[in-house]
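Once you scroll down, you'll see the structures, which are given as structure tokens.
Here come two complexes built around subunit A, the first alongside subunit B, the second alongside subunit C.
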Partner chain A sequence: MTQIESKKGMFIDTTLCHGCKACEVACKSWNELPANSAPSLTGNSYDNTGKLDGENWRHVKFIEDISDDRKDSRWLFLSDSCKHCQLAGCMSVCPTNAIIRTEFDTVYIDHDTCIGCKYCITGCPFGVIEIGHLSGTAEKCTLCYDRLQAGQQPACAQACPTDSIEFGEVEDLVTMAKKREQYLQSAGYGKAQIYGDKNILGGLNVFYMLEDKPEKYGLPSDPQMPQKTMVGGYWSSVFSLFAVGLVSLLSFRSYRERKFKEEEETTTGA
Partner chain B sequence: MYNYELTQLKSPDFPFIIIFDLFIGGIAAGAFLVAVLLLAFGGKINKAGLHRAYYITMALLPVYGLLLILKLEQKERFVNVMWQAREGSLMINFQSPMSLGAWVLNVFIVFAAVGFLYALRKDGMLQFAWAEKLYKSAVWLHEGPAAKVFLSLGAVFAGWFAMYLGVLVTTSHLPAWTATPFIPTLWAFSAVVTGVSVVILLLVFTNRGSKLDDSIHRLDNIVKSVIVANIAMIIVFVLALGQWSETVTRGMYGALLWGGVVGAGLIVPLLLKMKPKLLGQKFTLIFSSVLVLVGGFILRYVVMMGPMSYW
Partner chain C sequence: MGSNFAENHPVAFRFVLRARDNGARILHVDPRFTRTSAMSSDYVPMRSGTDIAFIGALINYVIQNDKFFKEYVVNYTNAPFIVKEEYQDTEDLEGIFSGFDPDKKAYDNASWAYEREDPVEPEGEPANLSERLAREKLAGRPKRDETLQHPRSVFQLMKKHYSRYTPEMVEEICGTSKEEFLMVAETVTANSNPERTTTFCYAMGWTQHTYGVQTIRSGAILQGLLGNMGRPGGGILALRGHANVQGATDLSTLWNSLPGYLDMPAKGAAHDTLEDFLRDKMRPTSFWQNYPKYLVSILKAWYGDAATPANDFAYEALPKTLGNHSHYKMFEEAYNGIIKGMMVIGQNPAVGGQNASFHRKALGKLDWLVVKDPFLIETATFWYEAPEVKNGSVKAEDIGTEVFYLPSTVFAETEGSFTNTSRLLQTKEKAADPPGDCRSDLWFTYELGKRLKELYKDSNAKRDWGFNHLTWDYEPDVNPRFKIQEPSEHKIVKEINGYDVATGAPVAGFGDLQDDGSTACGCWIYSGVLPEESLNRAANREGDDYQYLNWGFAWPANRRNLYNRASARPDGKPWSERKKYIWWDAGKEEWTGYDVPDFAATKAPDTPAVPGGVGLAAQSGKDPFLMNPDGVIQLFAPAGLADGPLPTHYEPPDTPVSKNILYPEQTFSPTAVIFEHLPNNKVHGANNSKYPFVITTYRVTEHHLSGAMTRWLPWLAELMPELFLEISPELASELGVHSKDFVTVETGRGKIEARALVTKRMRPLKVEGKMVHTVGMPIHWGYSGVATGSVPNDLSAIVADPNVYIHSSKAFTCNVKKGRLPGGVV
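Here is the complex of A and B:
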């Protein structure tokens, strides 16, 4: 088991993001991820990356938020990636322990161990992981593990021109985020809120300042571990085993008794 | 609705091969489960041929294992599920039904192997002198004083094996899979109807004279009852899905579920079994068993692919 040396993370202030995608480019470049096939237009947004996947470990979501009467409109941006959760669903279901916690308290996929079973894809409540086309293993943001080991900050944080992505010790980042939340609320952004404090999966090492409710950004308001339904599954299994065993034995017995009765009647009749 | 109003969950897009895997695993487990239960608790009446269910389990488990490996992206690393090279230790993750399932499969293989040896001894086939002790142990485990305990344990592992892929999908974030805890129940009922149907087919084709008639009809009686339970369970499952029922009832999936599984795969065989004189006893047994198998396969297709394609 890895000894946690420090707790590194990122505070992503979406109110500062202007959607330049420098972080996306820096991520692709540093991690040598293949370019997206061109032209890759989603057709429903100026956001043409679409989603996180094996080749896109960072994705700047463009949220074109238009009121129902179409009089008001605004753009929201969120630089999305793996959240390096304290309670990581992906890690909890992995059957090979290929997903590990590093000395920086981040969540990392060991590509030499991963068998590509895809179970972690269903374990992440944020839809972060996918199988890489080239590697054939699960892929996601590593929080630039190699850079952290060399004492550098992640490529995306370094590239961000507005300091929307702040890298550092999680504790310091949380203090910074709380101050920012207070400031935004006093400046009239009443719905401004931190997403990823202790109440979300025990705390997200990569957490956000949102301008609106999480759902607006496609984030679940109360994400859970995949095991939330596991116990129910096991109980129903126990019930099924008894039920199916009982039904089988009873039908077997009832057939036998019926047969005996028939045989007895035949014997008596004869 | 704009995409981002929805949470961006992802489907694992498990390959189609998983349907064959589930189907074959279900038959192997169902056949074994019913055989051990009847051998242990079926009373003192004629159980001729029941041990042949073990041949089915033993023949299908390697196929199951192979398919399980084939569905991995990194097939050559399948051993990582059991051995953790990084730490140099056994690999087991109690929170992961996939990890536990791999061990359940290993234990189940041991039970299946013992059953297989017992069946060989009963039929006097492949009797190697060097394996005499093994055959004797298998017979002792089946007929000795601890038989009930051994067979009950076998039943637990067969049941667990039949259902672990149900618990596996229940332990996820894909809405339709997590909306109800009943997928393992569906797999259990379906494993028994399909497994016993294959045993019936085997007995019908290996029945010399009419020695096995009684066993065949008793097994057929089990299939009839479990078909009724299976239909009820499918209805409960769809109702329990609530807003996600659409994932298995819309378009082609709905047609396959109601027409293919419930209609052709369960109700028609049940009716045929209730009126065996209509098509002749033997033909009815064969035809209805085949229909049950087709229905069991489609059930797995609908429950796995419907929710994955929806998301």
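Here is the complex of A and C:
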């Protein structure tokens, strides 16, 4: 078990994000992630990245929230990445313990141990992880583990021109975020809210200030650990197994009955 | 207004957000809902190209509702000045000013002048050349009426000029609702007074029109009336679009200027001798009276010992302009075979120029072309990759141009400095040697100069005198960390700063420069950046919470806020405690405050103007705008503009409306420069049914300009991978188009294809009783690189403003159809 030396994280304030995507480029540049070799326009606002995956560890979402008469016009931006959850679903389902908690209290995939089984992909409630095309193993944001070891901040936070991505001690960031929440609510952002407090998976080390409810940003309002969702899955599997058996038994029986009937008719007719 | 601050200046926008979080209200008035609108407190839509109508209505609102800053306006602007009786306004002449010559499409501005008192004979002998020439041109002081009631006072003329620019007119012309307009008007006026200031940020949305200069002037006039100039948090801020575009302009990349905004001498003007030229350029009652000192110092910097009083300091060696050599004229001359060769460095006209296909035609007429850029850009590949070559309408073998491509460095491979939007010089260090044969523009220019000097060294021809006597020693100060050595930054900065010719010591600032040849200075406004041999103030890095005077060096003289004398009342006291900035310290008898005073340091507020005085002596202790004649803001411009003394609304050369409803007889700017004689350069005129939609072009954060530095980088290319046309759902449904569908966009200049991006951020506006649709397209694409596409600039026409020849790319018209171009891009 790794000794947690400090709890590092990021506070992403969407009210300061103007969607420049410098974080995406800084992430790819530092982590040497390949560009899409045949990119095309997605047609979804200014988002041509699409989603988080093995090559895109950071993704700026563009949400056009505009009424037909344009009276209410908002264009929301959210720089998304791995949240480095306290209760990390990916970590709990990994069969080889390739996903570990680092000395910075962040969630890190050890590529030497990863066997590419994809369990973590289903284990993550945020859809953060994918198999990398080049590595063949699970990939996601490392919170720039290598930079943290050298005493630097993650590349995205360094590149962010508006300090919308703040890196630091989670405790300090939470204090900052609470202050910010109060300010925003008094400054006309009535729905401003923190996403990623203790109530979300025990707290997200990478958490957000949203201008509106999480669903507006495509974030689950109540994400669950895979075990919890798996209980339902387990029972449904048991039920399915039972049902399959029952149906086959029934169909076998009906086959037998039909066969018996046919034989009877043949006998009678003869 | 006129800027997409967040997208095109994403780093500087952090300060806007900080202001917003400190309680500032951010209004974004723009034809499109952009990332800037998203971050602003309010977004107000308007039709592209109608900014003057909008701002003119703000001016009218301010005057009609008595919201102007009276004490400021009476003392710090020319509002009380009386204009000659001969002057006639657009209100009198149905849309034109007096002095218009329809054949020449030009104004004679004689009737726009002030009424003046009799000139006063100066006393004593002139101390130097600058003073002597100033006296020759000295006129009497303008007549004034400080009650602002004289019918020919600038104030009353303005009042009349803008009287029909009403909120209703804004609704008709701009498509902005009356309520939205009034919200802007009320917000701006409530926030402009002794306690508060308002700023206007603009960029290409104001400049790139056939009336671009007038649009900016309208903003300046409004800010003058509101008392927002020279005060902290005020001003009109030009957002410069590249790291060093300000520096490039300061050091004279423009065809008609010398470093420090001095002019190029012109053939045909009375510029035969140095004295003739200086007499023409002399502005006797402003700081510009020092003009001769700066020009003579440039000549000393360039020609050294060979520049003597006997040979007019080698004035004759300066090239003279032969006419208009602006960008579009230059390409016209290339097309006509007058210009035979061209060096294109840091530009990509084959796709970046307006009516880009014309630019490619012109490039194809050259004998030789040198392209120096980090990537093999379209200007270097036009002869085999351009759409007209690909589709066979032009054959590569018919293009005779010999193209030389020289690989260039990027910013981290050179040292030097950037001058940013705030006129702030900041040094930067070289991080790495460039790869292979890549060389910096500086290295290339220096080496080219050395080789040319070698070629000319035996020539006795008069025309080669300049080459043979040009000072050209910038040999590197060797830096052992690198293999490629750049020319000496120190030698260059020292020449720019200026030095005493006899001792070689740097001058402390432009105040030390002389017109007798005893000083040399490459760019007077930068003087003071290197006050000592070992102190480059552009390298200063001491931040603080406010004006950070020890961070970098801002020209002129490290002043951060220009004309900051206006931040104090005429008597020298601050307008308010809250907006205290520069004030007169009566005890110490000097100006003091948070910035370097932009005023004579010990000139008391009650200092009277000297009758018959020249230069700053002609201005009193309460005249803050010391570069202007008479020391005040020129709300009305009696001289200096080709298209009128007051900004006036005209329609763009392509407009969706049938007429200019303010001046039905004058739909278009009478002085707009239309290059009608060029091939495929037809303008659409008013309400052309073939081209029903307004199109506006722009940049997005993900790419830079023609894409020369971004479309070749896979990480940037994938962020905006394909050319797109932004259209409203309303228009999309009329056209039967969905997002990602291909559409064809056509104008009288060209036809291109793009993917549709359907978004409610675009909105139709009701103008002239009908719905006008605007579509928008980023300009970044071309046929070479990683992300390629049609050339958006093939759509626009070459039309220009008559003052500075800026083109019009923000408001023209087009047609849009579903589907791709038949047979690919043509």
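Everything below uses one rule, namely that the second predicted complex is superposed on the first by the 222 of 270 C-alpha atoms of A that agree within 3 Å, B and C clash if a C-alpha of one lies under 4 Å from a C-alpha of the other, contacts with A are read in each partner's own complex, and residues count from 1 in each chain.
The rule is short, and it goes like this: contacts are C-beta pairs under 8 Å (C-beta built on N, C-alpha and C of every residue); 3 or more make two chains touch, one makes a residue touch a chain.
Predicted model, so just to flag it, every value in this text is computed and none were measured.
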| item | value |
| --- | --- |
| Partner chain(s) touched by A:Lys28 [first = subunit B, second = subunit C, both, neither] | second |
| Which of subunit B and subunit C A:Pro161 touches, first, second, both or neither | second |
| Partner chain(s) touched by A:Asn36 [first = subunit B, second = subunit C, both, neither] | second |
| Partner, of subunit C and subunit B, that touches more residues belonging to subunit A | B |
| Partner chain(s) touched by A:Lys191 [first = subunit B, second = subunit C, both, neither] | neither |
| Which of subunit B and subunit C A:Asn97 touches, first, second, both or neither | first |
| Which of subunit B and subunit C A:Lys179 touches, first, second, both or neither | neither |
| First (subunit B), second (subunit C), both or neither touched by A:Glu64 | both |
| Touched partner set for A:Ser45, first subunit B, second subunit C, both or neither | both |
| Doubly contacted subunit A residues - partners subunit C and subunit B | 44-45, 64 |
| Parts of subunit C lying in touch with subunit A, wherever the complex brings them together | 6-7, 10-11, 13-14, 17, 21, 23, 33, 35-39, 43, 45, 700-702, 714-722, 724, 738-740, 755-761, 763, 787 |
| Partner subunit B, residues of subunit A touching it in the complex | 44-45, 51-52, 61, 63-64, 89, 92-98, 110, 112-119, 121-127, 129-131, 136-137, 215-220, 226-230, 232-237, 239-241, 243-245, 247-256, 259 |
| In the complex with subunit C, residue positions of subunit A that touch it | 16, 18-22, 24-25, 28-29, 34-37, 39-46, 48-49, 64, 66-68, 70, 73-77, 161-163, 183, 187 |
| Residues of subunit B defined as touching subunit A within the complex | 2-14, 33-34, 37-38, 41-43, 45, 71-74, 77-78, 80-81, 84-87, 91, 93, 95-99, 102, 155-156, 159-160, 163, 166-174, 177-178, 181-185, 188-189, 192, 196, 214, 217-218, 221-222, 224-226, 229 |
